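Presented sequentially are two complexes of chain A, the first with chain B as partner and the second with chain C.
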Partner chain A sequence: MSFDALVPSAIDGLMLGFVYGLAAMGLTLIFGVMRVINLSHGPVIALGMYVVYVLFTGVGVNPYIGLIAALVIGLAFGIAVYLVAVDRVIDQPELTTLLATFSVNLMIIGIATAVFTTTPRAVDISLGSVGTGNVTILGTHVVAVVVAMVVAATLYAFLFRSRIGKSIRAVANNRAAAELMGIDSRRMLALSFGIGTALAMLSGGLLATLFAFTPLSGGTYEVKSFVIVVLGGLGNPSGALIGGIVLGLLEGVSTVVIPVSWVPVFEYAIFILILLVRPSGLFGSRT
Partner chain B sequence: MIRYRIPFLPVVAVIIAAVAALPIVIGSPSLREELFLVFMLVTLASSINIIMGYTGYVSFGHIVFFGLGGYFAFYLMQVQGWHFLFALIASAFPASLIALLIGIPILRLRGAYFALATVGINEAMRTAINNFEPFGGAVGMFFNFSIYLQYGGAKSAAVLAYYTMVLIAIATIGTSYAIKRSKFGLSLMAIREDQDVAMVVGIDPARAKVTAYVISSFFPALAGATFFFKNGIIEPGHAFDLIRSIESLVMVVLGGIGTVAGPIVGAAVYEWLRSFLITSSALANFQLFLAGLLLLVVVLFVKSGLVGWLRNRFPMLRSYIP
Partner chain C sequence: MNGIRVGGIVLALIGLLAAACGGVATPAPVAKKLIIGFTASQTGAQNVASSKQTEGIKLWVDDVTKAGGIKLKDGTVLMPEIKFYDDESKTDRVQALYTKLINDDKVDFLLSPYSSGLVKAAAVVSEQNAKVMITAGGADDATMEQGFQNIYQVYAPASRYLTGAIDLMLKLDPSIKKVAIVSEKDSFSVSVVTAAKPYAESKGLQVVVNQGYDTGTTDFAPFINQIVAAAPDAIIGGGHLPDGTTLAKQLAEKKVTARFVALLVAPPETTFADIGDAALSIVGPSQWEPQTKYSADAAKSLNIAYYGPANADFIKSYTAMFKADPTYHSAGGYAAGLTLQKAIEDAGGTDPAKVRAALDKMDFMTFYGRIKFSTDPKTHGKQTIHEMVYVQWQKGSDGKLAKQIVWPTEAKSADAQLRK
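Take a look at the complex of A and B:
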């Protein structure tokens, strides 16, 4: 192991961590507001990749403008998924909502593989790179970090400063009390599901500018999101961003220290351990 | 008026035996292969129903025991040269021991946290075996073809595997039925309804849950050992396939969660539907989409599944279909 390899690898991991965190924020927001583990998270990330891809190769839209499209489509799609698949079963035990969102997962993967096949695709974009010595930072990575930070800050401001954001938090805290205060909880739930889906699609769009992908690629990021969400505490968006950075950093550093194929073993071991020892997450309050 | 009770278990055993004999009687290997898969899915779905349907704990990564049983048996046959039947029995006990060790800590978690932990355990096991050289690492293990010679060739090995799978399925259904009718089953269902109340009336929830978990791990391990014996190849992605795990949950819900007959019906219908969709040229591309749509319709509108719906619609059936 050499220090020379450690630094660039850690920086790479750290930057990737921001994108992971963004995806996990979508998952954790939905869980925090309505106690639903969204199993359609992975395919939605993949959809985001394809929105950017289709706009880029088909119409020639710049991938970063395509991200805005991914955000808007994600919001609308998420609201639609909520109204069709989740709304009827929102008050039922976990199994029902897990299976309802899993059925959406199957449908998205089914259609995406039929339309796009499983041939790997890539969005071919290069923004050059800056570097000193053995540390080289790709432009696409820098933009991904900036986008992730801006979106996270916007979400934070929205949830804590705007009236609708406050209503969403009220619904998350206590749905019955929020309704007594005149908040239309159903609308807030649908909106949160939409925002969570939009975040997932946005992160998918960003990942498309970094790596090649297929309709099944979302699965990897979905499992990563689970790990991150547990790291940061289920239902805690800012915890998810930090959890994402921690996971990215951990991946970057551990690939230098241990063989690459052991990294996921390590990740899942941490995941199970945290669930058992601190289910409220690394940054959550002790329960 | 005298009421004649038709005993459930013998009737089911006779039906299964009749169905199982069908491919042998008409001499159709392809039907045998198809039914082999159906009996395997019946085993997986019925086992998962014990922990999920009776006890109310959604084990998302239950396929981990299928994979472990497969790997243990494969190792004993390939490397140690054991006979299949000995390897089969020897593989299920370490798998259940692992279930015991895993179950004690993770069954303290409730609801979504438990479901996530089981996913984590399956993925951790898959990635760990990926690196475990005695089990062939990422490449996995495969039989030398001569290994089938002691069973009289690959063809009779497949027949042996088929009969074994039929017996495993019957044993699983029998166990599932026995649990449902026992005091132990009642305590599981009490935990499902309200764990705190169950504790107050004198049930030890931790002990009951772990027992149910260990039992529900035993049969998937047997099924895995048999499946990979017939398959001749085992590798981590195939042994610990999360999709198959979730599919077995779908079968339970489709058939009727918490009933003995539900997982049998669910597994048969699901597999029939899938093979129908795959072979139809017009629908093959949309196979997954239609499976998802069907699941959504069941989850939203027929919550109690096919068997549950029948039981609710015709209450007189309740004493016949547990």
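Take a look at the complex of A and C:
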């Protein structure tokens, strides 16, 4: 136990938590709107990493500009995946949609591994650091937090202030009633899936500026996203962001008391605990 | 008429006889193929270092071919031909591919993949099929303590990787007291730390952090926070190239002020310097460096044979063929080829039992250093005599980062310096 490490670990965990939360927001939005557990979430995060990487190393685009590309590509890709893989089975039992998204997962990993191989890649940028004493905060981490907050705020404004956002929430609430109100529910579902995928890709792009990665790197973040979604309440995007921050903080703080390789065990223990004690999540589910 | 006819017949017979004798020319040496198999990590985490090892092997084949092949005492000439596949840095691929090499491709001898985990998988398959395998790229002691009969290790074992670094550290700054150990949790790195930790403690050092990280870790912040909190004077550990490089980079980013940092595998690799100033003053153990001085003269003074090209020649042909500097991974690959070649020559053929006997007896020097294998049944084939050198990245007078040998003192090309 070394409590001198507590403050820097907590800060590190907190900052990373924002990025986790961003990824989880995508997952929870899709589940909230269409009751689909998106098992392609992980590889999509990895795809976001590669979009930023390819633009940076191939064309010399600044990774933060590359994030915009990740967002746009994510939206288009998500809509495409919805129309091809999910739309036909949307009214089927949950297991069918699970299998559909899982097959997308396998396809993305297969193609990405064939194209990029599993050799680790990295986006080399450095924005300096600030800090005193034990605490050193990296510039790239600060930018990641700022981007996550801006995007979360934009998503919130979109869902609650814009007409399309309200239409999406209407479809999430009651698809049949929304149709009766003249909302093209299929279009809204496609859009939501697209937004969910875009958020996942964006968080992947941010992660690429922080750590090295391979096509399989999305796996750890996918699992964290599931924990966060349950923690924050299924279908609750603001709950997901806060859940992400809470998880990040817990992760950072726990490394001070337990060996680092036990932290995932600790996370999954929390997961099970929440499911047993408060299945609607800390902030209540919106489904 | 009769005499001329007889004479003509006799002459003709003599002519025939002469033609018959002259027609039996000395047979040209028949070049037989010697198929050598291995796997290379053309993709995956071990890609960079494995490619260097493969280049070393390819250079060896090229040199042997240019010299006319491996010439045996009975006049047979063997032309080596390599057969390799991509193991994707995965042990299950290694197992499948080595089985394929042995059963389908019918290789005569085997070389190993790069990295101890993959070497261990290959060794099991080779031993099961009683195929002789010369390993480069696998330093783990555990693999060579299974009582294998057919596996021969060219690398100095893992247990020696950091003990020399500790000696270097204490010579450089005897006031160093607290050491942090952060290493990968794979068999090789664990072997290194299992030997290094008690050695450090026996020298009066206090190990303030001792943590392992999973293979594939990219975020070392939790470990670095613990290191910063414990305020050690030195940090040792790491694992392989990607994680070692990332750890060094993040130590610099987080402004960790340890006076001495030694990491496994990564520092001797030329791409380590890609991280820029973060590489400055980092020490790493190496199986060979271009500045080492193993030579025919050195061999003579030790009364052993010198085999293979001179150090300078190896570096020259490598640089010409691959347009890059050789690293110890390249040298290891070449040395494995040389070892096999010498064993076949000493054995006078490719009979596995005879080649094994030849390998058991070997004690010779190459540009890579001295090579001798253990014949003890429990550690059969383990490298007993090859010595490691330690490199450190230092800024030259031109302001550019360059690798210098800083330990042992007999081999050094520059003095070691403390990290700022």
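By definition in this document, the second predicted complex is superposed on the first by the 284 of 287 C-alpha atoms of A that agree within 3 Å, B and C clash if a C-alpha of one lies under 4 Å from a C-alpha of the other, contacts with A are read in each partner's own complex, and residues count from 1 in each chain.
Quick note on the criterion: a residue touches a chain if its C-beta (ideal position, glycine included) is under 8 Å from a C-beta of that chain, and two chains touch if they have at least 3 such contacts.
From a predicted model like this one, the values you see are computed outputs, not experimental measurements.
Once both complexes are superposed on chain A, the partners chain B and chain C fit side by side without clashing. When both complexes are overlaid on chain A, the residue A:Thr255 reaches chain C alone and has no touch with chain B.
In the superposition on chain A, contact of A:Ala5 is made with chain C only, not with chain B. By the touch criterion defined above, A:Thr118 lies against chain C but remains apart from chain B after alignment on the C-alpha atoms of chain A. The wider contact with chain A, measured as residues touched, comes from B rather than the other of chain B and chain C. Working from the superposition on chain A, the chain A vertex angle toward chain B and chain C, CA centres, sits at 70° in steps of 10. Once the two complexes are overlaid on the shared chain, A:Thr136 sits against chain C while remaining clear of chain B.
Once the two complexes are laid over each other on the shared chain, residue contacts for A:Phe211 go to chain C alone; chain B is not touched.
Looking at the shared chain after the overlay, A:Leu276 reaches chain B, while chain C stays out of its contact range. In the superposition on chain A, A:Val223 contacts chain B only, with no contact to chain C.
Figure legend note: chain B and chain C, brought together by superposition on chain A, show a least Cα distance of 7 Å. In the superposition on chain A, the residues of chain A touched by chain B in one structure and by chain C in the other are 259, 261.
Those residues of chain B that touch chain A in the shared complex are 52, 56, 58, 60, 105-106, 108-109, 111-113, 115-117, 119-121, 123-124, 127-128, 130-131, 138, 246, 249-250, 253, 257, 285-293, 295-296, 299-300, 303. By the touch criterion stated above, chain A contacts chain C in their complex at residues 2-5, 8-9, 12, 16, 117-120, 122, 126, 129, 131, 134, 136, 138, 210-214, 217, 252, 255-256, 259-261, 263. On chain C, the positions that touch chain A within their shared complex are 42-45, 47-48, 88-89, 185, 211-214, 218-219, 221-223, 225-226, 228-230, 242, 246, 253-255. Across the complex, chain A meets chain B through its residues 31, 35, 37, 84-85, 88-89, 92-96, 98-100, 102-107, 109-111, 113-114, 223, 226-227, 230, 234, 259, 261-262, 264-265, 268-269, 271-272, 275-276, 279.
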